[in-house]
Amino acid sequence: MEKCRMVFSGSGGQGVITAAIILAEAAVLYEKLIAVQSQSYGPEARGGATRSDIIISDSKINYPKVIQPNVLVCLTQEAYNKFYPIVRPGGLLITDTRYVKTQRKADAVQKELPMYQTVMEKIGKPIVFNICMLGVVISMTQLLKPESIMKVLKTRIPPGFLEMNRQSLDIGMAMGDGFSK
Amino acid sequence: MEKCRMVFSGSGGQGVITAAIILAEAAVLYEKLIAVQSQSYGPEARGGATRSDIIISDSKINYPKVIQPNVLVCLTQEAYNKFYPIVRPGGLLITDTRYVKTQRKADAVQKELPMYQTVMEKIGKPIVFNICMLGVVISMTQLLKPESIMKVLKTRIPPGFLEMNRQSLDIGMAMGDGFSK
Amino acid sequence: MSENVKFLQGNEVCVEAALYSGLDFFAGYPITPSTEIAEHMAVRLPQIGGKFLQMEDEIASMCAIIGASLTGHKVMTATSGPGFSLMQEALGYAIMTEIPCVIVNVQRGGPSTGLPTNVSQGDILQARWGAHGDHAIIAMTASNHQDVFETTIAAFNLAETYRTPVILLFDEVVGHMREKLVIPEKGGIPLVERLRTSVKKGVDYHPYLPREDGRLPMSDFGGVHRYNVTGLYHDMWGFPSNNPEVVQGLHRHLVDKIINHVNQIARYKEYYLEDAETILISYGSSARSALHVVENRRTRGERLGLLELNTLWPFPYQIVREKCANAKQIIVVEMNIGQILRAVKRAVEDPERVFLANRIDGVFINPDDIRNIIRFIQGKGA
Amino acid sequence: MSENVKFLQGNEVCVEAALYSGLDFFAGYPITPSTEIAEHMAVRLPQIGGKFLQMEDEIASMCAIIGASLTGHKVMTATSGPGFSLMQEALGYAIMTEIPCVIVNVQRGGPSTGLPTNVSQGDILQARWGAHGDHAIIAMTASNHQDVFETTIAAFNLAETYRTPVILLFDEVVGHMREKLVIPEKGGIPLVERLRTSVKKGVDYHPYLPREDGRLPMSDFGGVHRYNVTGLYHDMWGFPSNNPEVVQGLHRHLVDKIINHVNQIARYKEYYLEDAETILISYGSSARSALHVVENRRTRGERLGLLELNTLWPFPYQIVREKCANAKQIIVVEMNIGQILRAVKRAVEDPERVFLANRIDGVFINPDDIRNIIRFIQGKGA
Amino acid sequence: MAVKDYIRERFFPHMWCPGCGHGIVLNSMLRAIEKLGMNKNDIVMVSGIGCSSRISGYVDFHTLHTIHGRALAFATGVKMSRPELNILVPMGDGDALAIGGNHFIHAARRNIDITAIVMNNRIYGMTGGQYSPLSGYGIIATTAPYMNIDHDFDVVELAKSAGATFVARTTTYHVQQIVDIIEKAILHKGFSVVEIMSQCPTYFGRKNKEGSAVDMLERYKKTTTPIGSKAKKENPDLIERGIFVQKEMPEYCSEYDKIIEMAMKGH
Amino acid sequence: MAVKDYIRERFFPHMWCPGCGHGIVLNSMLRAIEKLGMNKNDIVMVSGIGCSSRISGYVDFHTLHTIHGRALAFATGVKMSRPELNILVPMGDGDALAIGGNHFIHAARRNIDITAIVMNNRIYGMTGGQYSPLSGYGIIATTAPYMNIDHDFDVVELAKSAGATFVARTTTYHVQQIVDIIEKAILHKGFSVVEIMSQCPTYFGRKNKEGSAVDMLERYKKTTTPIGSKAKKENPDLIERGIFVQKEMPEYCSEYDKIIEMAMKGH
Amino acid sequence: MAKPKLKKHIINRDWCKGCGICVEFCPKKVLELDEEEKVFAARAKDCICCKLCELRCPDLAIEIETL
Amino acid sequence: MAKPKLKKHIINRDWCKGCGICVEFCPKKVLELDEEEKVFAARAKDCICCKLCELRCPDLAIEIETL
């Protein structure tokens, strides 16, 4: 398996870092893969675009940061403007239609999806927006099984909220479907 | 002129350090001599025997401490017991009869003088005890003129007290007289 | 999935390792990028009946753990640059009074407030010389979570063995990065417990009289032996003394107990050193970038090797000299102006072989930074 | 007797020199053996309309002088080991913000409370590396009162020239000893005054933009230019920045402005070096014992010499190397475990020539201590 | 001069979170200064480290952004060396009363003419939500995950007992009162302490289920009352707002001038 | 057990000057402990640096002689890690309230069960007579050669406002009262502050022309009065002696036990 | 002094963070947030120029200009 | 309880620093300092065993032993 290098970006409240952690944790704990997650960190770095790097692989990972992601997710305009140039040529660039108006074409498979809108329509809870995004990513990359994500979620959130997250994950999976490269 | 190395020792309240400073200052400011004064120092070193070293010379003084004094003054028993062994063979050892009972004989000219007692009888003020001791030292060593001492005192104490100090100095000079080696 | 496989932040790994070592007292004050250590301690300690204290500042935190260590507990505090500077006076007290404790400094960009959220390795020499007066110190670091775990345990073990504070010099990248950790079964890693005196009640106990083997058995405050602890020079009972023999004896003891055991204290890892023509020397997170370069050059048959230092102080001069004996070039990879570079130059023969690959702009050093230096050194230019 | 001949304690000499330099603000907290500096300042400063502040601790003292320097004053604080440790964080702030100030450390026995009333030179490397993060520093010392006077003035001059804190590392013997001082006429020793910007009101002023000559003109707080001062990495206006170019630029500037001027900053004295076979290297009070030995051996025709260092940091490597080029033996005379010894070894060719004559028992090193080492080195035994 | 003339527009929008009370403090403080018609060159703002302390970067005065907890010590040096300047020292609750507590009580004791403003959000915002000495018993924070057992200081009582000669408290809901109190505090000759309860929706609010910034302001409205109000007598739990102390006492810098006089008289 | 059984005789005569009040504090403290019949192994004395702090070297308890101003921080670590021990923390006025002021107010705020004794001689004795935060306006010290312009803290008021649950004051003249108060302070569960005015004839006395130790004790007798006495009403300048605060409040260590319970319940 | 009359609400969309404080505490409910969570004057004519929005805005993003 | 009767004043001359506190505050003026400035019981028979000297001695140098 090639190392998969991903960057999730957006704004503080959107939970991109949480999504990154869930993804990497799922890979490590439930898919016997090796993963490293890191972030441009911290409350003192408040404001501006948040970014989290994830590398998933079946072999040892030394350098933990991502320079050229083959999967780049941008959930705000600021994040998009800042990061779209770093996507690996031929890589995958995922944006949300509500928050990002893509301008120039990046040399990558570019997916503009109405993730936020759909989540709000079908579930109405913005908190699970990031899980929907995860659904898109795993279905597009075929990196790991949705069950693994759900297993992690079980350890992190109250039972009452699981169903909502499952739905959101499915919505994302559905949107991602057919795009798997 | 040979370097003259002196150690004044006693207890906190007796003013041996002040005496040492006055002597050295007088030598430097009013006799164009070179002098260094130092002390085993400080309030944090409270209790035990106080000691002050003075070196007076007409040539440069590098090492500022006294290892073997040729003049040693001890104003308490504790100071005597602690320091009498260091006096330079053939040197001068001055003690006060009220505070010190000398035991073994040190290889030095040993002078036991009733300085305190005389000062109390003639002046009745213990504060000038140390000045009397200075009188003894300068008359015995012929190191410098009493006027030089008085000049320093003028800069340090209120006019009202000068006379008392002058008397005490004279008492000391008188005791010292005839002993000059 | 096995209970003891975890996916954690380096800071959390440090906490789990401390608990594994038997820590049950922590006092600290929040500061980026070390804060998660305090936060995770606040959750975990009460669960095992231990105590977590958030003090009014770093000075108080350092003082509190010293007090708690004296009653017989394994203790830790954690901070970053500014807080570490504030701890220096109390750290010196722990050195002078020989009280075991572990201080974590998760390094960020300095000097001063610097770059609170960026990575740096700028406090290496402060860890060595930050406290006033002559002294020796043990300081260690690590580059990956399994090592963070083992090094933290080693820190507790060395603190007890030598009755001394031990400093863990992590950095923002290792502290905040998440990766896999496998927690060994209890007993999987040997622990050094507090060496307590065998002297019976009523018999004269000497808190500062070393045994043959150099170790000083302790007696818990509140126990049957009442003694004195002071930051003044002191005799074997712990009472102040300015007797020159006593002073010189203690002065030398404090330094020698560490530097005479440099090889026992030294922890390091070697990668492909046997035949290496170019040796990279690195530590902490920058060792990951260095290893990245080494392994990927090796696939091209280039004879690169890496010496990763886990123990920084006392500096393992002899080991470094030996390992580097046959290297054509030695490149120190670190994120400061060359703090370990100086030590390496002192260690090896013909120091002209030693080069520096560093970054001081707050950006994590990456493989290309190192590759470029190698090209330059090898005369290949940009 | 001429007005300007005085018989003073070293600590008082330091005060008189500071006043001669134009100091008019001092903040401090008492500690043996530096207390007389604060006490004498308390008497003298109000006499010239200056301000003396006794703060609640050393941290506050350091902070207060930085604030006062910003309004355009020459400032100083004074302390000893424990207080110096507490000042490290704020000292780092002054380094980062490039604010001129002078910090006196009258050294006593360490580590910790150590020996408060005894002499030591144990804080030399702390002065270099005590604050967190990479940085450079200027530190100086002296062995006699005329030198204490001149070195203190030099400290103020360098602080203004390089916009940096300067540390004066005196010791208990020099601080408490009394000897003659001749105070030069005003103007006798040139003073470097605060370099103020020529930028006019309303024109954009850059507090952190060096001129061609590398100096950074200042503007007094309360004056016509409003700007920002921060301990974060900052741009030329003083506003926070984590732009890697800006960070690296400032990082290098802070270090280079000092180490690139090592020879201009270096102050030292040579005694009989021309033909010396054995060179003693010393500084502070121990240099007096060293000179004693040298002069008294010279009378016996032995070829001894002394290199007395007044500037310790940045260490004058090149100068030491050159001066020692032809010496058979080099003996570093100091009162610690060899803090300057390391620098000398790094400086000279074939470091095997370098030996240490030291004392670490709180007793002032005396000529015999040095003579014995010389005998041993010369193979004459005890 | 308009409020905008007192700020450094190029750094806006500021770094504070949406709805952060610190922005309201900034807003009101500027209006107080505007009403006093002060000259920007006569004002020095000294701050420490924290979200609150970032305020100094946004105002167009002489600004000194120092280290955590020490702002008042730096400010003391500025004031003593240049007594004619007006010194404003905004501080977070941790900055002022955790690590900075000693400088706080000593500045008060000296009665040096500095205006200290405690932006009290009852949490460490900058480091992500640890409890502070003003959080209070029972609240939740990242370092008090079960509940906080530390009692809180009463800033007003502490400032009083330490010697502050002007002591007041209000909240970010009561903006006109902030303006009024800060005006008086600046005019007061001596050490003045103004505690302003300021919402941190991001950490304190979220952790303690106090809802949005709006909800937190509502709470300030409901849980506070003017000093000595009837409401207070009926419900002692209410927090009093207003000026608690305002007395004339010799100020430190002018006291020091007397020392200079004595010394110059060779007394 | 006799008083002598609580001391380390071999270090006597102690290092304090003739007539130093610190010796009287030592004397009375030992009698209080004797009356309580405490076991020496159950007592930890933590002190800082100063003449006063040397007291820990003379008593036969577990003794921790720490660094200047930090005794209460060390003591907090000892107490939290071994709550069953009795912790005594004697401090000088500089130690407790200059450099140590922050630890003082925070220990009080937490109401941790420690007995803090302020040996208040209104001067820095160990370093030779500089003014302290308790010296008071107008006094003379080596660092206030003209006169002191710093106002002093009222230890009682400060301790109260910070949260101490036992606060008392007396002098070295009133030895029975010292014994009585220290007894109660030790028995009190929570943070107790006992201020004992203690003469320093060597520095404070000499500099301020207060004469010998005897004269200074006479002065304590004349210038103090029991709390709320008639004399106080007639002469407000009199300093009140006695117990100002004594209230039951949850103590910090026992509060922490609740946290452990919650955490273990997996709550 | 005569009641001030509204000229316009000057809203700085780049500074507004949509916290809703001005919206909530406007006595006349003049303001609203748009879909981008920026404030706008939905019922400008109801504005009584009390300037409470201007005073309470944590971001200095809204100003009332009067005639 | 019966009035205690004096057995003797136990004075530790090595510890006594001659501060005179016990002398001054002895209600019966029993104590005096000798020429070496050490305390001694000049009028032992007047002693009423109030132990104030013992309580006030800063040097723990005087003790009242009763029968």
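General observations
Letters are used for the chains, namely A, B, C, D, E, F, G and H, taken in the order the chains are written, and counting of residues starts over at 1 for each.
As a convention for this text, a contact is a pair of C-beta atoms (placed from the backbone, for glycine too) under 8 Å apart; a residue touches a chain by one contact, two chains touch by 3 or more.
Since the structure is predicted, the reported quantities are computational estimates derived from the model, not experimental observations.
Separation of subunit E from subunit F in touch steps, taking the shortest path, is 1.
In terms of the distance between Cα centroids, subunit D is separated most widely from G. With centres defined as mean CA coordinates, subunit C is found 55 Å away from subunit B. The distance from the centre of subunit A to the centre of subunit H, each centre being the mean of the chain's C-alpha atoms, comes to 86 Å. Centre-to-centre separation of subunit C and subunit H, using mean CA positions: 59 Å. Under the contact definition stated at the top, the residues of subunit F that touch 2 or more other chains are 16-17, 67, 98-99, 101-102, 106, 126-128, 133, 146, 150, 256, 259, 262-263. The set of subunit B residues touching two or more other chains comprises 42-44. Residues of subunit C in contact with two or more other chains: 32, 43, 46, 56-57, 59, 82, 89, 93, 112-113, 116-117, 230-232.
By the touch criterion stated above, subunit G contacts subunit E in their complex at residues 14-15, 17-21, 24-25, 52, 55-61. Subunit F meets subunit C in the complex at residues 11, 40-42, 44, 46, 56-57, 60-67, 70, 73-82, 84-85, 102-103, 106, 256, 259-260, 262-264, 266. By the touch criterion stated above, subunit D contacts subunit F in their complex at residues 29-32, 35, 38-39, 42-43, 46, 52, 54, 56-58, 82, 112-113. Interface of subunit F with subunit H (complex): residues 3-4, 7, 12-14, 16-24, 26-28, 31, 172, 175-176, 179, 212-214, 217.
Subunit F meets subunit D in the complex at residues 49, 67-69, 98-99, 101, 124, 126-128, 130-131, 133, 142-146, 150.
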